[in-house]
Amino acid sequence: MVGGGEGSFIGPIHYRAAMLDGFYQFVCGAFSSSYEKSLQSTDFYHVGKSRIYPTWEEMFRAEAELPVTERMEAVIIATPNHLHFPQAMMALDRGFHVICDKPATISLAQGLELEKKVQETGLVYALTHTYTGYPMVKEAAEIVKSGILGRIRRVIVEYPQGWLSSSLESTGNKQAAWRTNPEMSGPGGCLGDIGTHAANLAEYVTGLQISEMCADLTSFVPGRKLDDDMVVLCKMKGGAKGLFFASQVLTAEENELKIRVYGEKGGVEWCHAQPNSLLLKMDNQPAATLKAGANHNYLSEKTRWNCRTPGGHPEGYIEAFANIYKNAAYHMLSLKDGRFKMPDFIEYPTIQDGVSGMKFIERVLASAATDNKWIVY
Amino acid sequence: MVGGGEGSFIGPIHYRAAMLDGFYQFVCGAFSSSYEKSLQSTDFYHVGKSRIYPTWEEMFRAEAELPVTERMEAVIIATPNHLHFPQAMMALDRGFHVICDKPATISLAQGLELEKKVQETGLVYALTHTYTGYPMVKEAAEIVKSGILGRIRRVIVEYPQGWLSSSLESTGNKQAAWRTNPEMSGPGGCLGDIGTHAANLAEYVTGLQISEMCADLTSFVPGRKLDDDMVVLCKMKGGAKGLFFASQVLTAEENELKIRVYGEKGGVEWCHAQPNSLLLKMDNQPAATLKAGANHNYLSEKTRWNCRTPGGHPEGYIEAFANIYKNAAYHMLSLKDGRFKMPDFIEYPTIQDGVSGMKFIERVLASAATDNKWIVY
Amino acid sequence: MVGGGEGSFIGPIHYRAAMLDGFYQFVCGAFSSSYEKSLQSTDFYHVGKSRIYPTWEEMFRAEAELPVTERMEAVIIATPNHLHFPQAMMALDRGFHVICDKPATISLAQGLELEKKVQETGLVYALTHTYTGYPMVKEAAEIVKSGILGRIRRVIVEYPQGWLSSSLESTGNKQAAWRTNPEMSGPGGCLGDIGTHAANLAEYVTGLQISEMCADLTSFVPGRKLDDDMVVLCKMKGGAKGLFFASQVLTAEENELKIRVYGEKGGVEWCHAQPNSLLLKMDNQPAATLKAGANHNYLSEKTRWNCRTPGGHPEGYIEAFANIYKNAAYHMLSLKDGRFKMPDFIEYPTIQDGVSGMKFIERVLASAATDNKWIVY
Amino acid sequence: MVGGGEGSFIGPIHYRAAMLDGFYQFVCGAFSSSYEKSLQSTDFYHVGKSRIYPTWEEMFRAEAELPVTERMEAVIIATPNHLHFPQAMMALDRGFHVICDKPATISLAQGLELEKKVQETGLVYALTHTYTGYPMVKEAAEIVKSGILGRIRRVIVEYPQGWLSSSLESTGNKQAAWRTNPEMSGPGGCLGDIGTHAANLAEYVTGLQISEMCADLTSFVPGRKLDDDMVVLCKMKGGAKGLFFASQVLTAEENELKIRVYGEKGGVEWCHAQPNSLLLKMDNQPAATLKAGANHNYLSEKTRWNCRTPGGHPEGYIEAFANIYKNAAYHMLSLKDGRFKMPDFIEYPTIQDGVSGMKFIERVLASAATDNKWIVY
């Protein structure tokens, strides 16, 4: 693992997600840019000090030289955004599978280069777009795909947060500091941090592609260098329209990501605040509340595969994260052992999601910068 | 009353709202453009046949000639949109107070003319923008006004409906027919029918005025002459931004109007599906659920005035509607009897709301028709 | 109307419920035991002073002597509990229909006597057990009756209130004073005030009768003369079991009456806090949320009859109350005009509900007073 | 680990809970009474075949003879109920800490014997009463302890399930079979399986002890040997009263355990369906919704300690389970390393909870078998 040291929010999440289903073991790390600090995380990650490296470059180099049975097989990238690209590139070059925090890169050009690299190496590249790991998000996608909603007309995704409603970055908060710094975070603020989650969720659930876009970015907090609020209208191929709204200044909101998709005959609604439920609303019928549960036969096979417990046992954020780890592990397994064929219902976010995210950021920035209402996507 | 005959949705609502608190009595009517059909409504409205008139013009004329103690004092206008203006003008000219369905008129020019007329006559003109009649909407406005949320940054109003998701107008449905016909409904479809509710609610709760606007209108249903879906982004004076979204093609949605307002220190959230609650979210505190109730001392005086029952007794749509009737009645009373002074907490939507609505429609249409992202409001 | 004067909670509710659908007009009253106070209510009820009577006895006598076309047709009884019986008896004797607040009487013996009187006179006697007036409660009963839930096993009704969690009766609160005074309220406190609502709701929805009972009554507040908390277990004919729980000392609760009924194949759940919804849970299926709405074809005819608006327009407590008034009015009409036959879907709570309530109170008191676990009902 | 083999629901939960925070490693197992079947679980639990034992007795014996640095330190007991006692006794005797599924034993006598053994050995004995591992359940207990609710009056716990609403045990379902078999499950059916959860939760949150009890047990499903439905009324020391209700025949319900506690000044409410929220209702104030989150300063230190993520990241059943593992691990650590002192906010369910549970089962059975309403507890 690279990154994830002391004070990291996402590092321990990766650890837990990786350990939850028993497919992974942590064997080495460069948890921090400081070797000293890195060593402080050995206990948490259960990694022996001998395999803590002063830099990630050195880690990749040294591990690649270990015998196959000893060296790490996959690297987890949990560093600030600007490092994702070089780290993923080098890891793939050295033959390691990659599990990377989003965003994949900080530019579309990088994204495309990385995509090429993934294709060339044939290795696994998993991007932890957590929300598509929730079973009921997968169910939503399966429902759309089944066609029962009819042709899709409207996609509405909102992602309200409030933790940046004051200038937290000027109080020494590390999480706030790098996210509002274009050099570490890339050119999108709220856009890059959570706006891309909204777009990714919309694409995942509907399978639709954006054709034109009208974006508005705002920095509400004085002195902030990046946007902290994003609204995007878009036209999708096939005639649907999208409305994506994300903000980090909606004081007191936490993480209530929500998606609603409406077709000619019905709609679905999923909200992160109640992640184990999915509302299905068909015309002239009572709304149905579908619930997660490995034993619920009314759910798709894919959805049940991504539940660990029978209905009535709430699963949450770590479990969704772990679904990405689990499904990527099966992919790694299928590459290792040709006899294991990945069934269709095993999937996880890949570099394509990363490239889409980069394109989304670039086009939103382009739209926000122009006076024309619509730009081609 | 004019309009509201057989098959009308809103007519019986006006009746119930008017009767609920005992301030009104129905004395005459021209319930339909057909005298025959008009007569069929006498039982429902408890109006004697002798005071059913073949046309509204005749009604206004004849009633104005009756002795003061016998003639009607106020007229309720519940006809299709294009008649609201001429009827209100004539009613005011003849000395009658007016309670009118929204929209007030079908153009801004008419709106301004009517505003002038109301001012000249000094009569009561109440516009039944129902949603601002809900006690907890009033509480939301009072909370914003109190300043505890800090400076307002974001206003989000959504109004999802689905009843026009197919071409209902081509099946003989009367409600759908006039609403999708520009000659009866005016130039806004969804925009005029419910988009204006969204805008009115935003203005009412925040007290903020729009300065710039970017609108997108869509007709999703083939063959429909008016928009059935509206998204509006706007900049407000003082730096806030608004997002107003209304649609009538969100299959299976009914009437879940929802407003969220966020300031620097906290936010409020109200949803029509649970009209007796209001969420107050202050930074770093648990969210508080305020509940309607005449006995709830934590509510403002205005809010309590608009509750008929103690907490725990759900009030709904008719009661909200009736609050407009009740408050307008007190205004009529104060005009009649100089000794009764209207306290501050008695208010209802007036012609100013009507003019604002007309301006909103005109500017949204203008914005939707241009390729420029922002237009001045 | 008798009772309902200044300070009454329920008087104005009766007024509004009666006026809502236009079937009633208030013509006379004895609103208070004090003639002076009675006169103060003439404005509210729109009754001329000439027909305000010093006592209810005088009112019944005088009105009965008026010509048929002038005299009142039905009397509303909204006095403290101990007066319900003598007033209803005299009203029926004089030929007036009766609409009475619950409880019907303060003893079972009285209840049975009154039942006999109602049968003898053939007049309408409606008891305002409000909660069975809610459309979605009626839908619950229709669903049980349809058999789709299979044989019923469990009925759970809870009625949590908190307004009596301190000794409100010793602070001069009139509502609290008479309700905690056995002479005005009868021998049941919480039991009589809201416990009977719970039992009535259970009987209404399931159609089942109690066969054995085990009750526990508590007075939590020191000095209180009557119970303020009730738990009742019961066995029902046919093998189902009931759990009825009501309390007035659950601090900060308001009125969240809730019923759940489970059969072999599924269950239904209704809660007063969201009265326009009904949950239907069938085995191995997603829960369905049925919503009130005159236009919802998936609801029973009876349910739709008791809705005034299409789906998405919240109706509440007053509307439920008004359904009793409306349905009783149709019954009065059918008695007046033999040609009008009451369809099956028109019903309202009658003296049978009143007798059941009295029996419930007597048996709960008997059970609470014995050391035997079960008593025969 | 003993038990938890192929087909077990709870085995994999133990695994995930143990792994989540990195305090445990699985080193040996006797996952099934069949050695063959046991071997099939080695992959899942990541245990080498060399340390799979044919019987648990052999495992305890063999492991105890391994060098301290190699042998297992704690044993997880996830077998059917009747084995919990002998396994825990032997494990403690051999010097292993114990983490045991509830119930601790199948009789009170066993429970007391085991309690003595735990005290004698000074080893850690953790009982996985999962629900008290939820952070917001801990917050509820902290709030009660703080005194802000005043003296407690009413405790209401309900645990509705529906999975046994038909005779699942006669269809070959293993989970249903042992739970309805008194020889494997002990004398309580629903009572032992989930009734004890209800009682444990009540005791944990309120700290109150039962003094008298009135219980009713039912077997609704024909042919079932144990109860499938339980209602318990109880008097608590200090004057409060409890109502505990659990059932496994409420068709279509899953696991909606809910507790409500009311004192003189306010109440708290927690429901397993929304485990990251806690409602706090104080008299004359809006209800507050407290949310789990390691960063929520309004929560107690204990609550925050048991959250892994900041607010807005749902945690669920596995995380609650893991809190027991985590806190027990800290206790084991403090025993190993005298310098580490357990802070007050680290706690987990112990053998005392196990003994209480056994007593609860015995007294409920005694009460259910007598015709007297109340029995001394």
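Letters are used for the chains, namely A, B, C and D, taken in the order the chains are written, and counting of residues starts over at 1 for each.
Just so we're on the same page, a contact is a pair of C-beta atoms (placed from the backbone, for glycine too) under 8 Å apart; a residue touches a chain by one contact, two chains touch by 3 or more.
Note that the coordinates shown come from a computational prediction; the quantities given were computed from them, not determined experimentally.
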item: Number of steps on the shortest touching-chain route linking subunit A and subunit C; value: 1
item: Label of the chain whose CA centroid is most distant from the centroid of subunit D; value: B
item: Chain pair with more C-beta contacts, B-C versus C-D; value: C-D
item: Rounded Å distance between subunit B and subunit D, as computed from the means of their C-alpha atoms; value: 55
item: Averaged-CA centre spacing for the pair subunit D and subunit C, given as whole angstrom; value: 43
item: Approximate Å spacing (C-alpha centroids) for the pair subunit B, subunit C; value: 34
item: Set of subunit A residues in contact with two or more other chains; value: 284-285, 287, 291
item: Contact footprint of subunit C on subunit B as seen in their complex; value: 9, 12-13, 15-16, 19-22, 44-46, 161, 254-256, 272-276, 291, 293, 308-319
item: Residue ranges of subunit C touching subunit A (in the complex, touch as defined); value: 280, 284-291, 296-298
item: Subunit C - residues contacting subunit D, complex; value: 149-150, 153-154, 156, 162, 165-166, 214, 216, 218, 220, 229, 231, 233, 241, 243, 245, 247, 249-253, 260, 262-267, 281-285, 287, 370-374
